[in-house]
Amino acid sequence: MRIVAEHLSYTYNPKSPFAAAALKDVSLTIEEGEFFGIIGHTGSGKSTFVQHLNGLIRLPSSLKRYKKPKAKKGQPLPPQPVLTVGTFDLADKKTDFRALRKSVGMVFQYPEYQLFAETVRDDVAFGFKNFADGKPTKEETDAAVRAALAAVGLDYDTYAEQSPFDLSGGQKRRVAIAGVIVTRPEVLVLDEPAAGLDPLGKREVMELLHKLHREWCKTVIVVSHDMDEIAENCTRAAVFSEGTVAAALPPRELFRRADELTALGLDVPLTAKLCAGLMRRGIALDCDFTTEDFIRKVLERAPRRADREPGALPPEGGEA
Amino acid sequence: MTAQSGAAFGRFGLRGGSNMKAIEFCGVSFRYDEESPFAIHKLDFSVEEGEFVAVLGHNGSGKSTLARLSNGLLEADEGEIRVFGTQIARKNLYDVRKNVGVVFQNPDNQTVATIVEDDVAFGAENLGLAREEIGERIRFALQAVGMQQYRTAAVARLSGGQKQRVAIAGVLALKPRAVILDEATAMLDPRGRREIVEVVSRLNREEKITVIMITHFMEEALLADRAVVMNRGEIVMQGAPADIFERQEELITYNLAMPRIGYICNRLRAGGLPVANTLDSETLAEEIARCVS
Amino acid sequence: MKDVSFGQYYPADSFLHRLDPRVKLLFLIAFIVVIFVATNFYGLAVCAAVLIAIILFSRVPVGKVLRSVRGIVFLLLFTAALNVLFHKGDTVYYQKGIICISLEGIIFSVFLALRLVLLVLCSSMLTYTTTPVALTDGVESLLTPLKWIFVPVHALALIMSIALRFIPTLTEETERIKNAQLARGANFESRNLIKKIGAVIPILVPLLLSALRKADELGDAMEARCYTSGVKRTKYKKLTLTWRDLVAVLVCAALIAGVVLTRVFLGAPY
């Protein structure tokens, strides 16, 4: 499903002393099949944008009481916001938002805090039952839960009957993710999926996302603060800043503009820092900013030596 | 090992060899209940006054238990814990906590009051100080964390990093001699994390406050005098951060990862580029440039 | 991110905002008593005059103030209708069974409605111009004498202020959990009551767990900052009276005197 957003704006607490513009005329397209990164400070509008994608925040024109604005004399109407996800038109009142939510799964920050059921099975089955047409049989439900648990690397027979609250932090998060992908959404959105995890947990989550991207969900959208993760994993990334999209580019091009990112107060990946440092010393390195590519490109420049050996295990989140 | 620790402690020699220990664990064991494994097992560990120690470890390695034991929120099953020379006991918890402040993980769950200054005042109020003194301490504490202009702001409107700075100020209002940060950066964004790391290293440098920083962000440990790695309730590695991060294989066995920069150094060396070990990106760029040309 | 403003505090810097919350609380109590002391329209006119002055001095937009009456429109209409229909009077316009519409009835219902409106407006002026925190401080200070009969005023006040402090946090948390369950297809709009109650569980359980976790962590954080029950605490914030409070007291005295005078000298009811 292709996601197209045009002229999206949103203000929290409009018409009050606490009014705060979260999105200002944002336009962004995410192609089907992307592993898309969203970067920005807290409060840059990235969470607000993401919540539009499954209709948790609705466009004004999709609300019942919406009235079409009338053009003032001599002034053309401002461009109307557009948001489509695949065939869903989110600006339309008649859109089936339930069906949309089935196709666009959303994993919030610290998703383990949203677990509620007595057993892992019931919790994962919650979304499946909610979105099913009619009442699914026990076999259908169990099969779906089994598949979803397997996808996040948990064994059904071991965990299905356990209370989710008895699991470890990392396992809880996996269960929560299983509870979202159980409906086999085409688009999976994750807000800071690795927040609060230790290095090993982080690496496991990133590996899990790649697996889901390959096997379950065509498009994966990750909101992240970790620039190294973005550089290693994403096909493209959008930079949100003060409610606007400052750039939406593949990491290879995005991090070449490291100075601009720094000016926005954002980090850049280590590889981009190193490339910039080398550039200042007269060495232009054309790498795509993944750790592996950086190492390869540097070694290509090295004076020839015969005894080159492959490296040890990759660091946190590193993908070979 | 000894040579490394010697280097780490070098700066305290300059201060005239005060060998008062801020925190000292002697054979301490603790478990949350009888059936569960020991969260801390026969631990010997000490922190010099004025030192900045980073405690690393994966989730569940016992590092948070260490923080809670250090200021009497938990009671050791076995062994002795001394804080600035005093052994922790039920009757002196008050004095222990006055000396050792703890900042916790969740920025939303440790402020008591709605307004910043009221929250910072809380600890000082508990000490029964006079109003003028409390006012003075609020001023000092907010200044120390760089939040003086937010004195009358509502806590709920602050960013995560700012909330944690207020939490640090709330601890500083007790005028503690040591501050423990129990994964205080875990829930923050990079900007918030930077704020906290800057604040605590300044406190350590300028106010001479002993800092114990519990974290699983390897990069944050770089500023410390000494890094300690915990696994299964025991200390398994310690030394200067730079030396610790060289021992990649060992770190991996404890479910930790070396900082990405260390990994790149190692890989480049393995590929035949003789770069020196460093944890600073600018230095590494310099090294690469030197080796390549 | 999303701003959760609670209560109806309207931030501004005005004479009223700067008044001591205790004075405002006592003023409100006096105002309510006086409204019931007033037995004729002259008395209410005095009250209304004072209230209008208050509204003008508060810098809260008049529209916003009037909106607070909206909540009681139904109550107003209902009591007015009852009085118009059933209040017995001399100048009868219509009578059938127990229904009796009279001039006196109409005047009386107008009088009652006015009382109610004044009451609501004055109390909302208190909440518009006083933060919940200041209100708690004011209540605590006014209740301090109860300490002598072993009421733990201080602990109660701390509980209240912590509760206030956590309202925005828990509101945000509720919003977050609700969104997460909505994303998993939860349906909170069912008309069926049983389904409606069932739908709340996926929100209630995580919220409860979260609240318990928060309480636990907050308890640790408070203990780590030397809080123990029974500790002899001092208080940093002390409410102090200024010339403004004196002005308010004088206005209050004038109000009481004015209303009493109207009652004594212009005694005829309505």
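Going in written order, the chains are labelled A, B and C, and every chain counts its residues from 1.
Keep this in mind: contacts are C-beta pairs under 8 Å (C-beta built on N, C-alpha and C of every residue); 3 or more make two chains touch, one makes a residue touch a chain.
Everything numeric in this text was worked out from a predicted model, so none of it was measured.
Chemist: Ignoring subunit C, split the rest of the assembly into groups that are still joined by touch.
Modeler: Contact components excluding subunit C, positions unchanged: one piece.
Chemist: More contacting C-beta pairs: A-C or B-C?
Modeler: When the contacts at B-C and A-C are counted, B-C has more.
Chemist: From the centre of subunit A, which other chain's Cα mean sits the farthest off?
Modeler: Greatest centre separation from subunit A goes to chain C.
Chemist: Taking each chain's centre as its mean C-alpha position, how far apart are subunit A and subunit B in Å?
Modeler: Roughly 31 Å, centre to centre.
Chemist: Quick one: subunit A and subunit C, Cα centre-to-centre, how many Å?
Modeler: 44
Chemist: Where in subunit A do residues touch two or more of the other chains?
Modeler: Answer for subunit A, listing residues that touch two or more other chains: 42-43.
Chemist: Tell me, which residues of subunit C touch at least two other chains?
Modeler: Residues 3 of subunit C touch two or more partner chains.
Chemist: Where on subunit C does subunit B make contact in their complex?
Modeler: Residues 3-4, 131-133, 158, 161-162, 164-165, 168-169, 213-214, 217-218, 220-228, 231-238.
Chemist: Report the residues of subunit A in contact with subunit B in the complex, numbered from low to high.
Modeler: Touching subunit B: residues 41-43, 168-170, 195-201, 203, 225-226, 228, 265-267, 270, 273-274, 276-278, 280-283, 291, 294-295, 298-299, 301-303, 305, 307-316, 318 of subunit A.
Chemist: State the interface residues of subunit B toward subunit A in the complex, per the touch definition above.
Modeler: Going through subunit B, the ones touching subunit A are 58-60, 159-160, 186-187, 189-192, 216, 218, 248-249, 252, 255-264, 266-268, 270-273, 281-282, 284-286, 288-289, 291-293.
Chemist: Enumerate the contact residues on subunit B facing subunit C in the complex.
Modeler: Contacts found on subunit B: 68, 71, 73, 93-94, 97-98, 101-102, 104-106, 108-115, 117-118, 121-131, 134-135, 138, 155-157, 167, 170-171, 174.
Chemist: Please give the residue numbers of subunit A that touch subunit C in the complex, ascending.
Modeler: Subunit A reaches subunit C through residues 12-13, 16-18, 20, 22, 42-43, 47-48, 51, 54, 56, 98, 101-102, 105-106, 108-109, 111, 113-116, 126-127, 130-131, 165, 179-180, 183.
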